[in-house]
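Letters A, B, C and D mark the chains as written, and numbering starts fresh at 1 in each.
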Amino acid sequence: MSDAASILEDLVTANRILANEKVLDSFGHVSVRHPQAPDRFLLSRARAPDMIQVDDIMEFTLDGASVGREPGKPYAERFIHAALYAARPDVKSVVHNHSPSVIPFSVTNRKMRPIMHMCAPIGNDIPNWDIRDKFGDNTNLLVTDLEMGRDFAQCLGHRTVALMRGHGSTVVGRGLREAVFTSIYMEINAGLLIQSLSLGDVVYLSDGEIETISKGRAGFTIERGWENWCNRAKRPYVAGEWTTGKGFSRSDG
Amino acid sequence: MSDAASILEDLVTANRILANEKVLDSFGHVSVRHPQAPDRFLLSRARAPDMIQVDDIMEFTLDGASVGREPGKPYAERFIHAALYAARPDVKSVVHNHSPSVIPFSVTNRKMRPIMHMCAPIGNDIPNWDIRDKFGDNTNLLVTDLEMGRDFAQCLGHRTVALMRGHGSTVVGRGLREAVFTSIYMEINAGLLIQSLSLGDVVYLSDGEIETISKGRAGFTIERGWENWCNRAKRPYVAGEWTTGKGFSRSDG
Amino acid sequence: MSDAASILEDLVTANRILANEKVLDSFGHVSVRHPQAPDRFLLSRARAPDMIQVDDIMEFTLDGASVGREPGKPYAERFIHAALYAARPDVKSVVHNHSPSVIPFSVTNRKMRPIMHMCAPIGNDIPNWDIRDKFGDNTNLLVTDLEMGRDFAQCLGHRTVALMRGHGSTVVGRGLREAVFTSIYMEINAGLLIQSLSLGDVVYLSDGEIETISKGRAGFTIERGWENWCNRAKRPYVAGEWTTGKGFSRSDG
Amino acid sequence: MSDAASILEDLVTANRILANEKVLDSFGHVSVRHPQAPDRFLLSRARAPDMIQVDDIMEFTLDGASVGREPGKPYAERFIHAALYAARPDVKSVVHNHSPSVIPFSVTNRKMRPIMHMCAPIGNDIPNWDIRDKFGDNTNLLVTDLEMGRDFAQCLGHRTVALMRGHGSTVVGRGLREAVFTSIYMEINAGLLIQSLSLGDVVYLSDGEIETISKGRAGFTIERGWENWCNRAKRPYVAGEWTTGKGFSRSDG
C-alpha cells in the first residue's frame, strides 16, 4: 500500500476507533495534516465517524477551502482544523469531539486535570474556550469560520487540549495515533475524575509526573492501544513505525 | 418504494433506533402524523419498540380510535399522541419515552435545561406534568383517555418537551427524524447535566443560543445522526429530502 | 410442547434474560414452583444463569432436598427458595439476585422506594434483612440452611421484595414472568433513585399509586417485556396465556 | 492437552476475560507462576490483553529477566510480578490492572473496603502505594525496575490487594482463576461503594465476615464465575480440578 493510501486507511480507522470507544458519537471529526503537503489537511466530508469510508475523505487548505474531489458537503467546523494546522506547525492531527465525560468540565468551574498516568499528556493547564466571550450570545456554538477558528487556536496556545464550553473539546497530536490515544484517555480521565471528586479531595498528577510521562510516551505504548482498538472496531491493524525501527529494545520500558 | 410504504419503514426504523440508543426500553412509543390525512396518525400495536414490524402499524383518529387493520391490541397511551396531534397542527411526530436519565428530573425540583449545543432544541422552559394534580392519587400514572391526553397537551403548550412525573417524558417534532434526534440528545443532555451538577454550578445555554440553534437546525444535521443510528440498529438508511434537494451547499455550515 | 417441557424452557429463558439484563451476573438464581406438585420447586444445579440448560434443572422439596435427577451440585442457597415457597402459598416464583444498583440500599440507611410507575410493584415498604442480627458476625452472608431461609421469609412477610445486607435481594412473584419483570424494574428503579437523590429531594410514588399499579398490572404488560427480553437474550418467545385468552380487548389499557 | 499447554491456554483465557469484563483495557497484565519451576513466571510479551495468543507468552526469572523464546518486547512493569513472586511463595498469580472504579480510591483518602460478600477476599486493610514516597516526583508512575517492585511488594505485605496512586492496583492469588475472580469482584465492589457512599454512611463487611468468606471460598465458586466469563469472552471452558476431585458434595454449600 502506498503512503498516500495508507494515511487514508489510517484516518478511516481513527474515525471508527473514536466512534467505537465513545469519544465521538454521530458528530465530531478527526483530521490529519497532509504528509506530503504540510499546508493541506485531510478530513472526511460531513458524515458520522463510524460511517466514513476512504472515498469520503477530502483535502483542505489552511483556510478551510476544499481542493480536489468533493464527495459531499464538508464539516461546518473544518475551520477548527484549518486554524490549528496554521498556528501549530508541530501539530499533525486534530480530533474535535463531544467526549461525554469531558463536557461537564466545560460547563462548570471545576478544572479537568489528569489523575492517572495514562492520561498525563492532556496536561495540567487545560483552558476552556467560551465562544460567547468574543462572538456573543447568538451563535450556535460551532466554529464555522476562520476567525472563530483562530480565536480558538489562540486559546489552545501551545497546549494539547482545550475545552469548548457547552460543546466539547479539541485535542491535537504529533501524529494521528497519538491524537486518538490522547482523546481516548482524556475521556477516561474525565470519567474517573468525576467519580473521584464524589469521594473527596483529589491527588492530581504532579507537574513533574506529567512532564516525565508526556516526554517519555513512546510509540510502542500508542501501538499497544491502537492494535487493541483496531480489533475492537473490526479494522485491520497496520503496524506503526516503531515496531520495525530501532525503538525495539528490551530495556526501554 | 411508495411514500406510504416509506413512512411505515421509517416508523419501524425510528422504533428500532430509539430502542437501540436506550431512549426506549420495552415500553414507550413513537408515532407520525399521516402524511396524506392530517387528522390521522400512525402508531404500532402495543409491542416493544425493538420488535416492531411494518405489519404492526395501525392508523388512529385524533380521538385515539383505531381505523382499518387491527393486527393487535393498541397502546393504552395512544391518547398522548391523539391529543398532541389535535392541539398542535405543527407537530408531525411524537415520541413518548421513559428515557432513563430524564426521569430523575421528573421526580425532583431540579430543572432539566440544555447545557450542550446538540441538545438546545429541548428548550429552556420544560414543564413537568404531574397526573396527580388533576386526576388524583389513584391513577396508574398512564395517560389512558382523551381527557388526560388533553390535560398533558395543555401543559406542553407550544413547547417541544414536557416531563411526566414518575413516568417519563414526551417529545414532539416537525418530522419523525427530528423527534428522534431531539429524544436522543435529550437523554444525552440529561445524563451530562446530572454529572455536571455533581461538579458545581452549571453554565446553561443562553436563551439566545437556544433560539439560534433551534431555528438553524438543518436537515443535514439530523440526517447525519439518522444514517449513523440506522447503521447501529442494523436498519437500511434511506436518505431524507435534504440530500437530494437544494439544501446542499458548501457554505451553509 | 408439554406443560412440563414448557415450564423448563421458560425457566431457562428466565435465567438467560436476567443475566442479559444485568440483574444476575455469574451468581444468583431463579426458581419456579412445580406446576403439578405445589410442594416442590424447580431450580438449576449450581451454575451461572447464562449457562443454564434444561438438563441442569433439578426438583426440590420445600426442605431444600433434591429429588430425582441430580445433574450436579445444587445451589447452597436453595433454602431461600424452599422457605419462601413454604411460607407463601401465593408465591409461584423466586428470584435471588445481586442486582447491582440495589446493593447500595442494602448497606446504607437510605430506603429504596419506587419513583417510577413501571417499578411500583416492589412496594413502599421494603425491609432489609441483616443476617448478622440473628446469626452473628461469622457467617459468609449466604442463606445455607432452612433456619436462615425461614428467618429471611419472616422478614419478607407478605411483601414482594426484601433486601439482604451486603449481599443482594430476593423478589417473589405470582408467576415466573412477573418475578422476572419485577426484578428488572427493581434494578432500573434503584439506578434512577440513586441519580435522583443526587439532584435533591425526591417525590416517590404515593401509596395510592403503588396500590393502583400493583393491582392493575396486566399480563399483556408483562408479555411486552418478556417478548423483548427473549429477543435480546436470543431465546425463542413463547406467548403467555393472556394473548390467547379473553384478556385481549381494545378497552383494557 | 499437557499441563504445560493447559496453563498457557488458561493464561490467554485470563487475559481475555479480564479485558472482556473491563478490568483491563489496552493495558494491564496477568501472570502465573511456572507450575514446574517456582522461580519462574509466565507473562505475555507487551501486548493488549484482548490480543494475546499462546505464542506471545514468555518466561521470566524472579529478577524479571526473560529466558527462552522472545516473541517480542516484554512489559516494562514485569518487575511487579517478579518482586511479588519472590516475596510471596504463596502467590501463584498476579493481576496488575487499571480497574476503572478502583482508581478513584487511589487518588482520594476514601478507603476501599468490601461491602458485598462476593468481594470479601480483597480484605479490610488495603494499602495505597504512592511511588512518589520513595522515588520522587519525576517518575512515569510505572514500576520499571526491581527496586520499585520490591518496594511495592513490601507495601502489599501479606495482603491480597494494594492500590497504586494515580495508576491502578495489583491483585495476587493462590491460583490464576482466583486472582481473576478477586480482580473482577474488586472492580464490582469499588463501583458499588462509590454509589453507596453517595447515599450516606456505609455498613462494611465485618472482620469476622471477611475472614469467614475468605477462608471458605471454594473452588466451585470460582469455577462458576470462570465458566461464565469464558463463555462471555468466547473462550473454551476447561473445568478446573474441583469438579473432578472430591470437592463435589451436596452438603458443602
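The rule is short, and it goes like this: a contact is a pair of C-beta atoms (placed from the backbone, for glycine too) under 8 Å apart; a residue touches a chain by one contact, two chains touch by 3 or more.
Treat the numbers as computed from the prediction; the structure is a model and nothing was measured.
Moving step by step between touching chains, how few steps can get you from chain A to chain C?
2
Using only Cα atoms to place each chain's centre, name the chain farthest from chain C.
Centroid comparison gives A as the farthest chain from chain C.
Please tell me whether the contact surfaces of chain A and chain B are same or different in residue numbering, using the over-half criterion.
different
Would you kindly give the rotation angle relating chain B to chain D, two copies of one sequence, based on a CA superposition and rounded to a multiple of 5 degrees?
Going from chain B to chain D via C-alpha fit gives 180 degrees.
Find the geometric centre of each of chain B and chain D from their Cα atoms only, then give the gap between the two centres in Å, rounded to an integer.
For chain B versus chain D, the centre distance works out to 46 Å.
At what distance in angstrom does the C-alpha mean of chain D lie from that of chain C?
Centre separation, chain C to chain D: 33 Å.
Two or more other chains touching the same residue: where does that happen in chain C?
Expected reply: 198.
If every chain is a node and every touching pair an edge, decide which shape results: line, ring, star, complete or other.
ring
Report the complete set of touching chain pairs.
A-B, A-D, B-C, C-D
Taking the touch rule as given, give the residues of chain B at its contact with chain A in the complex, in rising order.
Per the stated touch rule, the residues are 115-118, 120, 188, 191-192, 195-196, 198-206, 208-209, 211-213, 216, 220, 224-225, 227-229, 231-232, 248-250, 253.
Of all residues in chain D, which touch chain A in the complex?
My answer: residues 25-27, 46-48, 50-51, 66, 70, 73-74, 76, 98, 100-101, 103-105, 107-110, 132, 136-142, 144, 165-168, 194, 197-198.
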